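Below is the structure I would like to discuss, written out as structure tokens.
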Amino acid sequence: MKLILAVIQPTKLEAVKNALAEVEVYRLTAIDVQGFGRQKGYSEVYRGQEFSVNLLRKIELQIAVNEDFVEPTVNAIIAAARTGPEGQIGDGKIFILPLEDCIRIRTGERGPEAI
Amino acid sequence: MKKTPIPFLLLAALALAALFLKGSSAAPEANGEVNAGDTAWMLTASALVLLMTPGLSFFYGGMVRYKNVVSTMLQSVIALGIISLLWVVVGFSLAFGDSIGGIIGNPLTFFMFQNVGDATAKLGSTGGLALSVPLLVFAMFQLKFAIITPALITGSFAERVRFSAYLLFMCLFSLVIYCPLAHMTWHPDGLFFQWGVKDFAGGTVVHMSAGLAALAGAIVLGQRTSHRKQEAHPPANIPYVLLGTGMLWFGWFGFNAGSAVAASGLAASAFATTNTASAAAMLGWIFFDWMRGVKPSALGACIGAVVGLVAITPAAGFVTVPHSIFIGLVAGVISNLAVQLRTKSKLDDTLDVFPCHGVGGMVGMIMTGIFAVEGTNADGTPKGDAGLFYGQFAQFIGQCKALVIVAVFSFVASLILYKLVDLIIPLRVTEEEEELGLDLTQHGEKAVSLGSLLANGNGHAHGNGQAAASAAEQPVPVSH
Amino acid sequence: MKKTPIPFLLLAALALAALFLKGSSAAPEANGEVNAGDTAWMLTASALVLLMTPGLSFFYGGMVRYKNVVSTMLQSVIALGIISLLWVVVGFSLAFGDSIGGIIGNPLTFFMFQNVGDATAKLGSTGGLALSVPLLVFAMFQLKFAIITPALITGSFAERVRFSAYLLFMCLFSLVIYCPLAHMTWHPDGLFFQWGVKDFAGGTVVHMSAGLAALAGAIVLGQRTSHRKQEAHPPANIPYVLLGTGMLWFGWFGFNAGSAVAASGLAASAFATTNTASAAAMLGWIFFDWMRGVKPSALGACIGAVVGLVAITPAAGFVTVPHSIFIGLVAGVISNLAVQLRTKSKLDDTLDVFPCHGVGGMVGMIMTGIFAVEGTNADGTPKGDAGLFYGQFAQFIGQCKALVIVAVFSFVASLILYKLVDLIIPLRVTEEEEELGLDLTQHGEKAVSLGSLLANGNGHAHGNGQAAASAAEQPVPVSH
Amino acid sequence: MKKTPIPFLLLAALALAALFLKGSSAAPEANGEVNAGDTAWMLTASALVLLMTPGLSFFYGGMVRYKNVVSTMLQSVIALGIISLLWVVVGFSLAFGDSIGGIIGNPLTFFMFQNVGDATAKLGSTGGLALSVPLLVFAMFQLKFAIITPALITGSFAERVRFSAYLLFMCLFSLVIYCPLAHMTWHPDGLFFQWGVKDFAGGTVVHMSAGLAALAGAIVLGQRTSHRKQEAHPPANIPYVLLGTGMLWFGWFGFNAGSAVAASGLAASAFATTNTASAAAMLGWIFFDWMRGVKPSALGACIGAVVGLVAITPAAGFVTVPHSIFIGLVAGVISNLAVQLRTKSKLDDTLDVFPCHGVGGMVGMIMTGIFAVEGTNADGTPKGDAGLFYGQFAQFIGQCKALVIVAVFSFVASLILYKLVDLIIPLRVTEEEEELGLDLTQHGEKAVSLGSLLANGNGHAHGNGQAAASAAEQPVPVSH
Amino acid sequence: MKLILAVIQPTKLEAVKNALAEVEVYRLTAIDVQGFGRQKGYSEVYRGQEFSVNLLRKIELQIAVNEDFVEPTVNAIIAAARTGPEGQIGDGKIFILPLEDCIRIRTGERGPEAI
Amino acid sequence: MKLILAVIQPTKLEAVKNALAEVEVYRLTAIDVQGFGRQKGYSEVYRGQEFSVNLLRKIELQIAVNEDFVEPTVNAIIAAARTGPEGQIGDGKIFILPLEDCIRIRTGERGPEAI
């Protein structure tokens, strides 16, 4: 089992969810995050002074999947989360972590069953 | 960002010019006809109508998305600045100066408010409008109407208009569309006034003109990207909308009952019909929703109430209280249907200014033609100006005529003004700025900071505007 | 959701009926006795009192949890719609129509506001109430009181009442409880009026009636699930409470000083005692908290100020300014203690309507019986109606008598009305809807959308209502 | 937390004392000179000015960081409580009682509002101020000015002042600085009044006194830790600032046009100049920003508008409408520059009270000396009190003299008062409390709870105050 | 060492915290998240149109524990986070990740000591 | 590759970002979290009753790095996130997780390249 973390543009959430549904990944957890990366920020004004802000809002998806779903999931995310055919700076990252166990609270099931 | 000196230089030039005008005396002596009670009410009413503009900013600001709240609010509030000055310089003259052909006032009559303090409290060649309050109070009262009208329009092109272009449009709209309409309708020598068109507090002048300009604006600016993509547009803050509605309702008593220009029975009557129509439209809207299986919502109640206020505006002093129930209900249902139609169409009138103010104003004008009770001349003879409901036709036909003229004029003239402005300053922000939100890109601000990372950073810059292939590390280019 | 046509059909029927009533003339001619100054003040006061209802919606809306903000606010604001229409139809008649046995007004006297415009500005068989303003203004002023009273009640059953059931209750409360009380107290032929009971601006009619109905409501609806589980109920937005308090305080000048029905010395006096009592109660509340080791809080200051306003309401025009300090302070401390008691009890009066309005109103009535200064008859002889403080007993006893009658009547009658309503529409939402919040389940809305996932999705559906065993994939069933 | 009984005991003692004063009669009979129209306007104006204080709380509260919103708001609102009572007890007497050497009023003249109801509507030994409204109305109108003045100061030491110390300072400021200034300026026997200093509605009394006390406060309390570290201070809520500005602008009509103390042409004139100056300053501020390459912001527009209102305050009834454009623009630009200077300095005047109110008030006083139009005596002869612009010098010099005296007096006296207070109660909270925010540490409250973890828990306690070496598991020690 | 991620119902936070304290787990980090799972959403109204929302608010707990605390922690969470005796859809999931190292910032301690 | 999770005081974010930049770590993802640890909370007042709150706001940084960046990153965080020379309770924790793969959405690159 793996835990996939995908940091994406907030505007792509809907598209990614749909793409995941097509590869039969229906369950995930989403988190509001702020990214610092190569993409640069913008400036704000306060009391007549401009100051710059370099946090950019992103969404992180956490998706626990069984081994054979890893590649389809990754590919679905890449396809749906890319801005334009060539992608844009700030489009995000996917991280794959080993997942040792998974438990469904409702039933107490464990392991691949519970994903 | 780019340094933009023109607005300041214009303003400074105006202030200098004003300096060297010997103004009228500071405290105009009230002449014998001034009534303290009427003046007390009209000062209050003027203040009440002023409050409608911040009220509108909350009514609108709460309905847009979180990233456009500040810009939407400022678009209303800035009218307090711009129109107040324009009005002093020439606006009041264009609207209430000596009539030029019944179409527009002479810009010199009250240029820079000269003569306002000294003027006798009479307007019109035959003294058709005799006031019991200082003319200065009347001028300030009317100013508040001139302020809110362009502010109303902003709902239609919210979330995508460029601030500077909007400022220019607002000035032109006020001078070219609002002032002539006010003159024609309310100046005793004005065209519509002469025809006997009844518009108590601005069904045509304020609401139809704004509603049609809004329609033109939504067409010229086109759909928001998010609207084209059929994304959800969750309202940023519904309590703001409720607050705005409360402030509008409150202020509207100044608007309508103040239009009696006296603390009189007529004011009382306008007060009562205003309240009743608004109540009927509020309930009409949400009960109608409920009947078709949509939950009764706070937003619906608020929009409904405002539609009722709009529709009763031209009629307020002319119809009876029971009839105002009917007027409010009909207006509420028609605008509700109009909003549904608009939702299904491709027209992106962001906050439904046309279905609410445009249509509401029209319904009000027609209803006035139907339900107006007969007035009496000085000698006690009936004026023959009652509505259809009382079996007379003339008034009704007159109202319809005015309605058509105002609709066509407002729509066409605004269309031209938008195109003109667009030549000078692009009306619409870039797609990227739209995505980031106008708050950030036009004003460098965020509505709310809750101290958390999330609420701090808004604007999920998706960088469409960046050179796609090169991995350029420049900040997102944000135009002024 | 279910299509619910009844409310709309009733409204439409009303509008049609109203259509065919020849209303009174639109602009009642002011007869000789109308004073423009007084009318100016009363128009203003009516507008001010209107603003109290949105003010209340913020006062209450800021105190509930984030998921019930919109519903709580709408429960106040909707009263502007419902009661405005009821009042025009029969409410004003029931309250101020020709007296039937001193208990209630004749529903036909001003049915559909017929005769309001034409009526002479006198009420009562012996012309006991002679107004210097158009009757229509008085009718609108009184309407605003009728609006806010049921809105006040909503604080007690907030976060669990079903919207449709509340609408029905509000109508019944207004007709069956409010109008008779208003008649008895303020109509010159009313029972309490005849007894000489002093209630300047509604200590019994408004606050006690609402407070007791609130108590009954909290009992009938029972504890919120979260209250039973002793969860924390963090207030959604304290600035809203501060804003609401500001609007209430501002509007209360219309409420109390407006109850002089003239721009007179009496109005000035009511204005001054109102402000002073409110100040004393505000400080009394938080200083008392401080003394017992609880930090002085903004919420405490706001609640205290409102309690002061409540308590001075019956007394405003009858007591001196220094005495209003005492009245405010005592009311603040007593209500503070009452809230503490309530907190320790199982009674779930969500926003302490009974301890604040019920108790505050009672304290005010008693204080009026203690501190009222003596009035004089037309011939200059003293009326013998001074309070206990001045060594006279009759007034005090009269006040207490009225207090008991009003308390019992309001409590018992509301209890019956709640039970009746509950038979027709269940008063309380399901446990699941309560958990999800009324905003979402009753109105399909969320107060705030900050553009983040979190602030967008509220309502942590825990799915108690789902079939537990089956893994049903249905949406959470949300009733209307 | 610590039990703090003193405030309550003082309040209780006051209430008991008040009890045994035979107050003036509750409803002062209006004597022959009372005009209902003027009274209607002044009741309204008093209510309007009251609303300015909640307005200010939003104007300020929206600009501080999320963790100090409630405390900043409460610092304004609490003045409604404190000053209202002080004013009744001795404040009004000190300001408008019989003059003691032109410096201060006799505290016994209207002690506990005795004699206010009965007083003839004349003030001053030679009856210099003859009112057409009940003296009680005038006293309440003036009260509202006394309330807002200390509230204005709070912007300068926001985010670090201790609540209890502030309460003490406010009382002293009001009695020692505000009341004498009001007496000298507005009482017919007052020093400045005798000199002919023109201050229509409080340029010196209200704005300069607050502005200079703010400067002293910022100096005495010193920089916020976050300011020293040059952290960003994102404003919590810009819509609040817009709302506050709207309420202030609305209320300011009461402030300035109400200062005519009649519904007269003078009131109309003050109304018009007020609106115009505010508009000019609003635009001046943001257009000036734009010219120097800073985006036109909502915050800028709001601050600008308020600066315009401040600057026109002393001039409102004395200058012409065209000149008010110039006054507004100049004030806007000067304050904008002053804020820029302040930003570059180490002075931590949190919300720029000195650059806005102090400087704005000074600009207004000088402008009055320049643009005042000439008054006429009762016999029609000119008073010789016109401004520099009209070629006369005396008035201008007089204005400057008053300006210097008020500035020095307010600054020095507040400096002493701060030091005094600091000896009794430390003015500033601990560094740890500052970090956690005043909302939590002074009032145990959080502005907003959105139901999420994040918005619930604010205050990122970094524990500086904890014993560093020992791993003590005590709660963060939070002083009262 | 393991890092335990537990997605639970927001209403269960208090109960879970108490249950953890009983097995002597006092330290944890909590995050507001949104879950997509089998539990379905609700509908909203805007300008008279209904639209459906299928994100549901959850809380994710991150708990770093030493090996012998893993089972007690998991059991405590399951017991406290379940809705009713049989559990409900939407009650949540527990994920167990390997944790290579843990450092206490205050002292610089590393490894199991620092947990 | 490792995924470093660092829970820090919100006030230290700026300092930590700067310290990371000095060791050439420019990319990271930040999350608002609430921590329960040894540091205690504070009390609130509602309707005259005091109640205590024991969640404290923290920020969690997620930083994916290649092996040779792990130590410099950890050291930079420790140095910048500590309050005062001795540190304070509540200063936070760093967790190091194994990271199996990393994908740049824009380009599809995988592995150490994509970090």
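The first chain written gets the first letter, and so on, giving A, B, C, D, E and F; residue counts start at 1 in each chain.
Throughout what follows, a residue touches a chain if its C-beta (ideal position, glycine included) is under 8 Å from a C-beta of that chain, and two chains touch if they have at least 3 such contacts.
If you're wondering where the values come from, they're calculated on a predicted model, not measured in any experiment.
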{"item": "Interface sides of chain B and chain D: same vs different residues, half threshold", "value": "different"}
{"item": "Of C-E and C-F, whichever chain pair has more C-beta contact pairs", "value": "C-E"}
{"item": "Computed distance of Cα centres, chain C from chain A, in Å", "value": "51"}
{"item": "For chain A paired with chain E, centre-to-centre distance based on mean C-alpha positions, whole Å", "value": "18"}
{"item": "Where chain E touches two or more other chains at once, by residue number", "value": "30-34, 38, 44-45, 50, 55, 57-58, 86-89, 97-98"}
{"item": "Chain B residues counted as touching two or more neighbouring chains", "value": "1, 35-38, 40-41, 44, 234-235, 237, 243, 247, 263, 294-295, 297, 299, 443-446, 448, 450-456, 458"}
{"item": "Complex contacts: residues of chain C adjacent to chain F", "value": "232-235, 289, 294-295, 297, 299-300, 303, 336, 339-340, 343, 352"}
{"item": "Complex interface listing, chain A residues touching chain F", "value": "2, 5-8, 31-38, 55, 58, 60, 74, 77-78, 81-82, 86-89, 91-98"}
{"item": "Residue ranges of chain C in contact with chain E within the complex", "value": "231, 435-436, 440-441, 443-446, 453-454, 456-464, 466, 468-469, 471-476, 478"}
{"item": "Of all residues in chain F, those that touch chain A in their complex", "value": "3, 17, 26-32, 62, 64, 97-108, 114"}
{"item": "Touch list for chain D against partner chain B, complex", "value": "35-38, 40-41, 44, 48, 65-67, 234-239, 242-243, 245-247, 249-250, 253-254, 257, 262-269, 271-273, 275-276, 278-280, 282-284, 287-288, 290-299, 301-302, 305, 317-323, 325-326, 329-330, 372-373, 448, 450, 454-455, 458"}
